[in-house]
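Take this structure, written in structure tokens, and hold onto it; I'll ask about it next.
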């Protein structure tokens, strides 16, 4: 008898706690949403869009690193795949509506992600990172050589076009709210995934893969699906970015970009939802601020110093450290 | 047996030892003394802090306070490798076999800190499995073979104070018996041994004294002679 | 049911670069039995386990589960068939709560684990069954504790509960009591006894007390081959077994058990 | 003249020779990287920067003090090695035992700092360093003109590579190193001064890179950014060889030099990408690289 | 009608990467020198400078440029080195109707298929580089050519231009090899060049690639075995890095050299005082173009892009950088170019005394004639 009652008590306690956490999450989301809606009135919208694109990219990346434990060193390939496809389509087929361009761009990245995944997913740890890097380098090579990418010059003057053939996106505000919607879509999707039954399995794989196998999970399939979703969202970020900047360039495909997204994610905090967003905001801002000021030719050393400081002093990232702090001081 | 004369020599004295892993306070003021040539055990339930005590002696825990004297020398500020050089041999709880090394390399890895350690032949005679598998990668050994290897490599170094953590874990009963004989032989040679054991049946006949630990403290000290009379106390602590 | 043997190996061989770890093993495990695999260190017990669960690929030989050849199956597929192992080293998901640990196991039967769009709340249906399982191993009050914080013995208990959640027909336990204090050993013995109801258990164990208390049948492995087989009494009376494995301990344990 | 795929055999043999020479650089660099990764589990993204420092040091020492090539060949690696030890002591040591990714990030940051600061001082056009007089000229091998200096590069690199391999795989010190990286605490418990060992190992790996830098100084343009691009290729070499395999790094280094050299003949545009293609193929067939353990 | 009563100039260039030395931070100095020399104010309006590192990435450059023109009222953007950056930025400038003056880029396509009514290409481009050097070398008897090309847009353009010039002058290109960008080891390519037996080995690449290739050619005795080495794009800083010893005898085309006359010497002395190095043609071009721009703003009293550009086109350029320079409708600033040869160590009297000018190539001979232009601005008229 007694055990039965405690059992249900505890169970209910758990559910209650879940609810409370969910409410907290919702409040946080709401606050963020309001901030994001108001942001373009005080800040330069194109800059905000850049941040959102990179934030989406980082969120996509974090689904792998933070929640599946896979370090991909080739995510630039997906960003670029989305970016070039959308850029090429919108520049060359004037009948195409913007969202079609983005959808096809994302689909291309998804397919590429599937290809990468099938090749890479069976490799562990550092080998996984390296094989994704190698594949991304090959993709980079293709982008350098292929005639439709404009080589070093990239694709320029991609028209922003009309959303659903109706909304003129050359208006920065219209563009901003579209990008915001895409970003939120991606963000909420990842949030949903992380909490989903699928997310639980990913978490399990991350923590103890052999055990997950012995529980009957075909872990390769799970990792593959996570990889493809991540690639797809990265491609979406690339597609949207191309529309915003009307430009697709080799930069997106370079391994530095794959490195950058790792930095953003780590700086913000892996395995937290908000971390990559904060990290991307921070890095994009920092690069911009530094390249502007009198420190123009000191960007690299200062970035370098920031990485060093991050690793040495707040390894869990900005959001991670805040969470740790709250945990310590709340309980 | 010249060592018998020096038996009263104090090999280890621990007083007021506290140890921490990060925030968690694991040892709460350990007091113990071990004479040269003695074999004492640390008994207790899982998580009582026995392994931590050994690690604290080796300066392998996060932070520690108090005093640990080895051979009359204060070691609180010594780096672990200095402590080993004082003649302390440590056999860790989870074997610590190196996968990058083969069996032979694992065996000869710890530097000899004193003369009088066992020779390789002697060791191979004791653990023939090891000889058979001497060129395999260390971690390709079976669980029990790894345990043998972990024990064997300490015997080689000539350390005169051994800290042994759960050395019978996962070993076949015949090997356990053999290990018991080895420990008796070592004791006769005048080595000091601190044994952490779950297998009380193994430890009981070997030990001179038993310390019982609970919640990071020593709650009872029982000498071999008192074992029978204090059996009920022991049962209470160990839940036998 | 026709076949009394749930698991059968036929001439199972495993070689590691010229070293034969498992040599022509024919093992038959009867339905409903608790079957122990004992033997000296390095006899090949863990290797046999690894072969049965496909963490290693046999060099030769066949493995039959309920008469079906499972030699070529993948680890995950075998787990789904109902052959589930627990590990020699404790295997849990360290940063999940005890409850979540079990839920992940239960989830693998749901077949909807690829649904990444489903809300996490859909999993709460499973909580009740999780609590039952936790209760059965005495971990009710730790349901919401992160697993890293659990003591070693409790981790083992949790692991066992997770394994039970898989509703295995055949449970493979590799040294379930290793590193446990006697109190915990007793608890695990009870646990295994309970778990064995209605299913078959194959275990590796060095603690002869446990073997003598629990097991219906014992197979002794030495140098990769089966030395002998029988119930505990028969096996422990065999002088060869005493020589290579039990030493003087056999008699002690027996007395104790009685 | 006989031809292979439209290329004269003589040209091809010349290219093979050059492939081996370039491979010698890869071998040296990847060796250092493999030592550092294999033994310390540090992904040393500062390796390219260390290579650059070796070369830069050579040039600066000559400009400032007239220190000649032979002295620099010893002095520069030692100086850079000491710098590496300092880095290890003050920074890397503090993140020991953390995930790979942190050492990667940290060393990447360090590389950015070093390269950025030096770029601001010395620019990117490259500094001048003349070939030591003994090496002026070359020999005619019949199929090619082989500058003496390139011949020296092969000899020097191979000697150093073999010495390193021997030390790590065959000596007692090497076994300390290998063990210390797996469980440094336990090694310390055996009486070995592991922190010192680790510092020295990192310093040694860095020295190898700096040594390659000195070898490169007379033939490549010496500038603060010279190491930035070679890094990723050298990483690929280490991975193809099997991370942590010392012999693997050396052999693969030479092999990749040749593969790249041949690509430069048949499909020059692809010569930067070919190594990655090889890497994908190798990892598909052998998951832990050509010479990696646990196949 | 100067917007905000400020003339705001943005300096956008590679501050830390491959092209740092030829423009970079010192280019900003040159621009600031021009503004100071101009008096710091134009018609009472402030002159302000903002600068940024383009990191050689069209991506970073275009987002900076976009922000400058859309959000910070920058009127003119100068510097601009990597061709990809220049093309990306000129698109944004056209969209927002601001002005760009490109001083560092080489690609002749910038005023050809990529021309816009919103930018001016000031210092040089691949066309005269090929024209000057290639025709001179062919005329000296270099009949068969081996071209080593950097495998990206700039290299391809240069390769195309050289091939045309060589063939026009009766020579023949027998082999072209494209090397990845960047490449650090050129030995394999030099060996191929030697094996080709061509009279001339031309380097259609830039920066570290060129200097590495020259060093290696030297090491492998390319010139000793009778082949001529022609570097098509070589900046003073590159030659300085190579040293007269290695680079001696190489012919090259340049738009300007510091030691041409008193005027150039005087300015470059001042520049050297500021920066510690001698200016490249790009540095001089940045100074000159900034001056020209400010003059035009002063003359028209406006900072409107089209007004200023029109004024600049109507005013011939006569300063230390160029004599009778003309900005054409496609945005090309046409001025005399110079064929130079690197001095031998014996001839060189200082570390920066590196060139002797062999020939002046008149502007309209050097640059692509408008009749061949694919620029919309030209063809529409």
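Order as written gives the chain letters A, B, C, D and E; numbering starts at 1 within each chain.
Just so it is clear, a residue touches a chain if its C-beta (ideal position, glycine included) is under 8 Å from a C-beta of that chain, and two chains touch if they have at least 3 such contacts.
Note that the coordinates shown come from a computational prediction; the quantities given were computed from them, not determined experimentally.
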**OP:** Using the contact definition stated above, find the chains touching both chain B and chain D.
**Re:** none
Subject >> Shortest contact path, chain B to chain C, counted in steps >> reply: 1
**OP:** Quick one: point me to the chain whose Cα centre is farthest from that of chain A.
**Re:** B
Original post:
Taking contacts as defined above, which has more of them, A-C or A-E?
Top reply: A-C
Subject >> Centroid distance [mean C-alpha coordinates] between chain E and chain A, Å >> reply: 39
Original post:
CA centre of chain A versus CA centre of chain B: separation in Å?
Top reply: 51
Subject >> Between chain D and chain C, distance of the C-alpha-averaged centres to the nearest whole Å >> reply: 49
Original post:
Taking each chain's centre as its mean C-alpha position, how far apart are chain D and chain E in Å?
Top reply: 36
Subject >> In chain B, residues with contacts to at least two other chains >> reply: none
Original post:
Where in chain C do residues touch two or more other chains at once?
Top reply: none
Original post:
Which chain A residues reach two or more other chains?
Top reply: 297, 299-300
Subject >> Pairwise chain contacts under the document criterion >> reply: A-C, A-D, A-E, B-C, B-D, D-E
Original post:
What residues on chain C touch chain B, complex-wise?
Top reply: 16, 19, 39-47, 88, 151-153, 175, 178-184, 206, 208, 243-250, 252
Original post:
Inside the complex, what are the residues of chain C that reach chain A?
Top reply: 53, 55, 74-77, 79-80, 84-85, 87, 91-96, 99-100, 103-105, 107-110, 112-124, 127-128, 131-132, 135, 140-141, 143-144, 162, 166
Subject >> chain A residues touching chain E - in the complex, by the definition given at the top >> reply: 44, 46-47, 50, 144, 150-154, 156-157, 172, 245-247, 249, 251-252, 287-288, 291-292, 296-297, 299-300
Subject >> Complex contact set, residues of chain B against chain D >> reply: 58, 60, 79-81, 83-85, 90, 92, 96, 98-101, 105-106, 108-111, 113, 137, 157
Original post:
Can you name the residues of chain D that touch chain E in the complex?
Top reply: 8, 10-11, 14-15, 18-19, 21-22, 25, 116, 119-120, 123-128, 130-131, 137-138, 144-145, 147, 149-150, 219-221, 223, 225-226, 229-230, 261, 264-265, 268-273
